[in-house]
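Below are two complexes that have chain A in common, paired first with chain B and then with chain C.
Let's turn to the complex of A and B:
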């Protein structure tokens, strides 16, 4: 059980390009990803949209496993800026968990 | 049975559809010696132009006075072969079709021997019927170039205008005191953001200028009789006056009712839980931020499929999808977002059915930040108050079914359409109701506005849930159906009506009671009272026939003698081998 937090997504959107909500959850990206990690990238976006911060944190390693190869992005039917979105999530984790300054 | 008839029998392979499972040569051999049969042949495709031409030549050469084509269902080719008979000079009603495909070969693919035996019996019965077929002539009815439209919503108004354009007179009867139906109550509608009220005003303005359209408001239909091309109806108007009208066709455009959730269904009745139409009203009335009972709204949760696609295990469930609601909810969310960009909107759906171009607004809504959460058909979201907070609990299938809870300022139940309660009208029109409770068409895809009653059409949401654009398309389809019927000036009806043997009839009056169409009257004939059939009213239903104690009534095309001889042929013992 988790309570939806509508503020969280605002903290994640690091640039005007962040567009996780455009995702229609088709799963094409996860199927194509060479890393073969279940939560990457679609589920990460769902967690962000619902504001499930703990889920995002739990998946820190997965978020950093992304190669930013954009294999997924090439095929996304909803034009989700997947790599950019992943970068935003990384930036948030860097700041909040690893306490690194803004890049 | 001996007969001096000359019957031709043509047995079709239907490519292999029939002959792969029924030995058609064996069937031909078995029936060619039947009494009355002059010629028996097989053919690869009886419906092909070449085969029809050959049959026509056989009819002429052999001087045939009856033919049997053993092929597919009469639904497919009865009219084809009747026309062929007519071209050959044979009376079209001396043609009999035997269904050797749907009712034999396709049904018995695993047992060729039995299928062949059954085929022989079926063809024999067809021959027995053909031997007793007399020439009949169609009944020609002059059609009245006027149309009655029931319901002056967007469909009814649009249909009235288009019929008027075509030069047909229209009587438009509306039950309530205002026209426009539901569309007239709506603000901006998808997908072109037309304003419902304005759409109606424009249509009504045009209708009022047409001399050949008569609009009755606060009026209802109280009586209907007659048949295709020639109906008589009575309309009760505002001042309880009764007006009699004669029309050639009837278009039923009575619309829908919005689903009204039960108390406590998804929290309905709790403060902050409202239906989609209620929310649309709230939106139409607000400028800038959206207020509900004086409080500013920030978080909205939509629950989709309320009143539609319900659990089939429960009685009186609505099993159908209401089609318009996904799109309407998404469009409404976009409108809400335009008023207040700070809103958080969550859509709890089962399947997004924003089909066609409406997909674009689904995409737009996602880009604008609406979050879509998928719930399971059998695991519905729950709405309740936790303290003073309205909370929605849902298991989100898109994150593997895990439960999430959303605090909402407003819960919008995306309600579907239900059939209008119209029992009185339904019984006057004698229109059949489909499984979903809406008026029933003949075929949802091939004949969507036609009904089993010739000359009566169902359009718009009276036939089933539709968007406004779809309703108008369906109204126009009803227009083209009725106009093509009426602009010809006449209809030819199959002559399959009852006939009274006046010698046998003793006028006991039993048949008049049995006839649902009031098609039997008393006349004097050769010094006595007898029953007589009114051809324009008789529909050939045959209700009068079994009740007649004197066996004085027969149905053309299905006479007792024909049916009996068919049964005898079906049960006849034989040596097929």
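Let's turn to the complex of A and C:
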């Protein structure tokens, strides 16, 4: 059973930079991705928007597998800032799960 | 089992906070490339290496070790390694570098300095005062550490009254040109890649490059910074015939380098795919990023094709090598 965390999207918002809500789920990004990972990036953004924190955490390796090469972003019809969004998810995992940072 | 993400990132972060760089690099190895070139210290315009080419031998050494550990029981001890690394610089021992590799990457920087000089650019260098720009921690999303580091780098540049920097690799270019202005208030620094500077100059070839060259665009130059035409212009002006591979310009294909530190096996698969694309276009490829160079070079050896840094071709045609600076 999936547990929905309604605060998750707010916590990941990355000072308002996270813009996956513009995604219309066409899947062009996933088809173009050199890494060929099914959850990257479209499904990962869906998990974030639905508040499925555990699904995102389960996929930590995939989040850090993104090359940030922006091949997907170049062809995104909705101009989603995909690489920036991935960095926002990384930031959340680093801070909340890995406890990495200055403090 | 992959290498543990948390601990690998932790080591890089600890190194950046404690030692000013993600991997250890001695002052001597940072500035050795400039030996004998008589580049003045500081000035309004400086060449900014961001230590990227100098770091490559350490990155190669580190990756050799991490790819061995990635699938072994030793990866369980990364956490212990991180604890020890806080006190004793163990990454220093893990990144024992090869002198021939160091000489190779130093020569790239010497080539770039020679090209700028021939183009009539008046520039200085910050020598041991130059700092790594922080691209790796930025990309991995360790924002507070990155932002604090970026401010330090900018303060250092301002302290030396630098007004313009000439960058030599795409990652440092992107940091100083596009990322820093977003996080630093009243940011005032003109940033250009040496490829832009050379393309704007009236550089004339001394020797014709009668060669077919397959061009591999860096993702960061092409898609983040829109630097696509300049390398082509410089090679074509010298007489080279540019061959475009299947994925090129704004649709270029990644070299795999960005995931090398965490997932070396995945990085190699991507590099092999890209080399296959480049090799089917021709035998001689050119890169303009040290990370692309390192990743593609090992994949190229298996295919018996050549991958060179663009500066190697440019110096051959635009600089009188018997009279280099």
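Annotations
One rule holds in what follows: the second predicted complex is superposed on the first by the 100 of 103 C-alpha atoms of A that agree within 3 Å, B and C clash if a C-alpha of one lies under 4 Å from a C-alpha of the other, contacts with A are read in each partner's own complex, and residues count from 1 in each chain.
Assume a contact is a pair of C-beta atoms (placed from the backbone, for glycine too) under 8 Å apart; a residue touches a chain by one contact, two chains touch by 3 or more.
In this text the structure is predicted, and so the values were computed from the model without any measurement.
On the shared subunit chain A, the superposed partners chain B and chain C are arranged side by side without overlap. Once the two complexes are laid over each other on the shared chain, residue contacts for A:70 go to chain C alone; chain B is not touched. Of the two partner chains placed by the overlay, only chain C lies in contact with A:91; chain B stays clear of it.
Of the two partner chains, chain C is the only one that A:101 touches; chain B does not reach it.
Judged by the touch definition given at the top, the superposed model places A:35 against chain C, while chain B stays out of reach. Here the apex is the CA centre of chain A, and the angle it makes with the centres of chain B and chain C after alignment on chain A is 130°, in steps of 10. More chain A residues lie in contact with C than with the other chain of the pair chain B and chain C. Minimum Cα-Cα distance between chain B and chain C in the superposed model: 22 Å. By the touch rule above, chain B contacts chain A in their complex via residues 299, 344, 346, 362-363, 366-374, 396, 398-399, 402-407. Taken in their complex, chain A has these residues touching chain C: 34-35, 60-61, 64-65, 67-71, 73-74, 86-94, 97-98, 100-103. The touching residues of chain C, when paired with chain A in their complex, are 2, 5-6, 9-10, 13, 17, 138-145, 148, 219, 223-224, 250-254, 256, 258-259, 262-263, 266, 270, 273. Across the complex, chain B is touched by residues 1-4, 6, 19, 21-25, 43, 46-47, 49-50, 52, 78 of chain A.
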